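Next come two complexes, and both contain chain A; in the first it sits with chain B, in the second with chain C.
The block that comes next holds the complex of A and B.
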C-alpha cells in the first residue's frame, strides 16, 4: 500500500526565483526505507519539509501538483494535522530538544502532552519509544547533558512516541560521530519492522547502501535517478553532479579501468563488498 | 550540567510536597499581611514564628539562611541607615551626627520597612528553594495558564546557560583568530561587535529550528493538553488557601477600619 504519493509536485519558496522542487513523482510503500541523496541545494530538505507538512504551511510558497501522505492531502490540510501522520527529525539534535523539560523521560512525553493523550497511556508509549531507540538508561538524565548521538536518539524517540506512520529524517547524522551515526541508522532501520515508513536525506553512502531499500537522487529540484542502492550509488553520473561517492566505489572504479575489478561483480559501496571483490582479484592473480 | 538559574533544592519534605499554588497563596498572604496589618510587630512575628520554622520544616533551613544573608544583609544595612538618617518627621532626637540627626521615629520606621521587605523576599525564597520551576509551571498550566507562557519561563531557564556556553565558544573562537578582548575600555567595546554578531545571528537561526521542532511535536495542535505528572492537591490545602484569603481580607479590612 502506498503511504506517500507525490504527483507532478512543484514548489517554489516565496523568496526564491526558481522552484526548489520540480515535477516530483514519487510513490513510497508502507515500511519502505527510502534514502534521498543529492548535492547541496538539490531540494533534499524541501522534499523532507513537504512530506512532513512544513512546506507549504510553515515555509510558505507556491505549490502545484499533489502530495498525499498517509491518506492526508498536504496541500489542503494543516501543519498541525500533518505532523500527526509524518514526524520530522532534522540535523541539529540540540535544537530539537524542547527546552522546557528537565529529564529525557519528560522530554519524550512533551509531544503526548500536546496531543492530549491521557496520562495513564503515557508510560507505556514512552517506554516503547525509549526501548526502540535504546535510551531507556537515559530516562532521568537532563536532555542537555547527553552526547550528540544520544540527543538525536532522544529526538527520534520524541517523534516516535507520537506514532506517526511516516518518519522523515533530514540529514539526522550529519553532526554525529561514526558511532552515533551507526546507532541512528540501526534504530531507524528497526522502525520499518513496525510498519513505519522512512524517508531519510543523507550523505553517508556506505550506510545508505547497508540500510536503505531504495535511493532517490535529487538534482536541481528534480528526481535524477531512483532505484536500489547499488544501481544508484555506483552511477557514474553522481560524481559529475557533485554528489559524494563512497570511497570504495571510487577505488573499485579506478581498479576497473585497470582491469583489476572482477567482471562478475558490481561496483561496491560498502567496505565488505569492496573486500570481497578485491580478494577475488587477488586470488585470481595468485592462481596465475 | 547544573542548572544555575534555578534555586531549587531537591529534598523530601512536607514543604516540597505541598501543591505549588498553596505555596504561592501562603506567600502572597504573608506579603499582603506584612504590608497591611495595623499591628507594628506583624512582619517581625511572621518572619520569626512562621517563615523560619517553615524553612526548617522544609529541610532547607541552612540554604535559606545562607541565601537570605547573601541577598538581604547588604540591602538591609543600606536601607536601615538611609531610613534612619533621612526619614522626615519625628522629634525624639536620639543623637546628632554632623548636620544629621537620628530620631526614634526614623529608627522604628526603618525597622518596619526592613521587616516587611524581609518577609517579602524570604517567603519568595522559600517557594523558589522548595519548588522545581517546571513543577510550578506545570501546575499553573493545568489550572488554565496559557502553555505558551509556561513554555517561555521554563525554556528560558534552560536556554540561558546554553547561550552562556555558546558565548564562551564564540569568545574563544574569535580570540584564537587574534581578536583582542582585553585592554582599555575602547578596545573592549571594539571587540564586542565580532562577539555579539555571531551570537545574535546564530540564535536567530536556532529560533527558527526550534520553532520547527516545536511544531513537529504538535505544540500548536488544537487539542486540550494533558500532563505527564499529576500534581497532588488535597482538600486541606484548598481550605488553607481559603484561610489565606480570609486572613488577607481581615488584614486589609482592619487596616482601613483603624485608619
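The block that comes next holds the complex of A and C.
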C-alpha cells in the first residue's frame, strides 16, 4: 500500500526566485526505506520538510500538485494534523530540542505530552526510545550539556517515541561517530519491520548501499534518478553532478579503466562486493 | 608554532569530567586529525587551544603562551577555530563584514585586512557572496563563510571542527583543497572529524580519544591499521583501508592512489 504519494509536485519558497522542488512524482510503499541523495542545494531538505508538513505550513511558499502522506493531503491540511502521521528529525539537533525541558528524559516525553498519550503508557515508550538510541545513561542530563552527537541521538529518540507512521530524517547521522552512524541505520531499518516507512536524506553512501531499499537522486529540485542502490550509486552521472560515491565504487571505476576490475562483475557499492571483485582480479593475475 | 599539552584535565561546572589527563605536542605545520566516539572530549580538548576553556589542571602552551595565563582574546592571534555549526559563529550583516571582522579586531592595518579578506574569500570560493547576508545562503555556503572568517585572521594554527558534516562531494573536495593550501603556507591544521575517509586522505597524524583520554597517537598509516583499538572508541578504519585489509594487500592504504598502487603490486 502506498503511504506517500506525490503527484506533479512543485514548491517555491516565498522569498526564492526559483522552485526548490519541481514536478516531483514519487510513490513510497508502507515499510519501505528510501534514501534521498543529491548535491547540497538539490532539494533534499525541502523534500523532507514537505513529507512532514513543515512545507508549506511552517516554511511558506507556492505549491502545486499533490502530496498525500498516510492518507492526509498535506497541502490542504495543517501542521498539527500532519505531525500525527509523519515525524521529522532535523539535520541540526539544536533546532529540534524544545528548550523548555531540563532533562533528556523530559525532552523525549515532550512529544508524547503534546500528543496526549496517557501518563501510564509513557515510561515504557520513553525507555524503549532511549534504549534504541543508546542514551539511557544521559536521561538526567540537560539536553544542552551534551555533545553534538549525543544531541542528535536525543532528537532521534524524541521522534521515535511518537511512533509516527512515516519517519523523515534529514541527515540524522551528520554528527555521529562511525559506529553510532551504523547503529542509527540499524535502528531505522528495524522500524520498517513495524510497518514504519522511512525517508532519509543522507550523504553516507556506504550505509545507504547496505540499508536502503531504494535511492532517490535529486538534482536542482528534480528527481534525476531512482532505483536500487546498484542502479543509482554506480551511475556515472553521479560524480559528474557532484554527488559523492563510496570509495569502493570509486576505486573499482579506476581499476576498470586499467582492466583490473573483472568484466563479469558490476561496479560494487558495498565492501563485500568490492572484495569479491578485486579477489577475482588478484586470483586471475596469479593464475596467468 | 608549537603546541604543548601537558596532563590536561577539565571538569565542567556540572561535575562531568570531560578530559582526564591528556598529554601530547604538535609541531608547526603538522596535519593532525582527532577522532573518537561522541562525548569522548574532542571538542572540549580543542576549545583549550584558543582558551575558550581553561584547564582545570595541567597546561596548554601555544608557542610561548600558557593559555591559563594569557587572556582569551590574545589567543585569537595564534589559534583560529572554525565551529562545527556555522550558525554559532556568524553574526555580521554581510559576508564581507563577517570575514573582515576577525582581522580588523586583531588591529591590523586596513590594507592588510583587505588583502587577507580577499585571499580567504578566494580560497573558500565565496567571493561572489561578499555582499550577501550569511543567513540568506545555504548551510553549506555558511560553513565556507565561517572558514573564511577564521582563515582571514592568518593564525598559525587552524582548528576545523567537523568540516565535512553535511557537505556534498564538491564541497568536501573544497575542504581538502583548503587543508592543503593552509599546509603549504606552513600552518598547523587540526581537525576533529568522524569522516575517516576524509581524515585518512588529508591528514598525516591521528589521535583517537575515548572517555577524555588519548588512546592512540600515531602517524596516519600506522593508526588506521589499529582496527580493534579504533573500534573501542566507536571508530572504524577508512573504507579503502578496510578493503585493503580484506584483500591482504602488503601495505596499509589510505587513499585511492595508494590502493591502486598496492593492488597492482599484488597482481604483478
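Here is the rule we go by: the second predicted complex is superposed on the first by the 269 of 288 C-alpha atoms of A that agree within 3 Å, B and C clash if a C-alpha of one lies under 4 Å from a C-alpha of the other, contacts with A are read in each partner's own complex, and residues count from 1 in each chain.
The rule is simple: contacts are C-beta pairs under 8 Å (C-beta built on N, C-alpha and C of every residue); 3 or more make two chains touch, one makes a residue touch a chain.
Just so it is clear, the model here is predicted, and its values are computed rather than measured.
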Evaluate whether chain B and chain C can sit on chain A together after superposition, giving fit or clash.
clash
Scan A:199 for contacts with chain B and chain C and give back first, second, both or neither.
neither
Is A:149 touching the first partner chain B, the second partner chain C, both, or neither of them?
second
For A:210, select first, second, both or neither according to whether it touches chain B, chain C, the two together, or no partner.
neither
Per the contact definition in the header, classify A:4: touching chain B only (first), chain C only (second), both, or neither.
neither
In the superposed arrangement, does A:26 touch chain B (first), chain C (second), both or neither?
neither
Looking at A:92, would you say it contacts chain B, chain C, both, or neither? Reply first, second, both or neither.
both
Which partner chains sit in contact with A:41 here, chain B, chain C, both or neither? Use first/second/both/neither.
second
Between chain B (first) and chain C (second), which, if any, makes contact with A:279: first, second, both or neither?
second
If the two structures are placed on top of each other, which part of chain C overlaps chain B: 25-33, 61-69 or 79-87?
79-87
On chain A, what residues does chain B touch that chain C touches as well?
92, 94, 142, 145
What residues on chain C touch chain A, complex-wise?
12, 14, 16, 35-39, 43, 84-85, 87, 138-140, 162, 165-172, 194, 196-197, 231, 233-236, 238-240, 242-243, 246-247, 256, 259-260, 263-264, 266-268
Quick one: which bits of chain A touch chain B in the complex? Just the residue numbers, please.
52, 54, 58, 79-80, 83-84, 87-90, 92, 94-102, 105-106, 109-119, 122, 142, 144-145, 155, 158-159, 162
Which of the residues in chain A end up touching chain C in this complex?
38-41, 91-92, 94, 141-142, 145-150, 153, 171, 174-182, 203, 206, 239, 242-248, 250-251, 254-255, 258, 260, 271, 274-275, 278-279, 281-282, 285-286
For chain B, which residues count as touching chain A in their complex?
1, 3, 132, 134, 150-151, 154-155, 158-159, 162, 206, 209-230
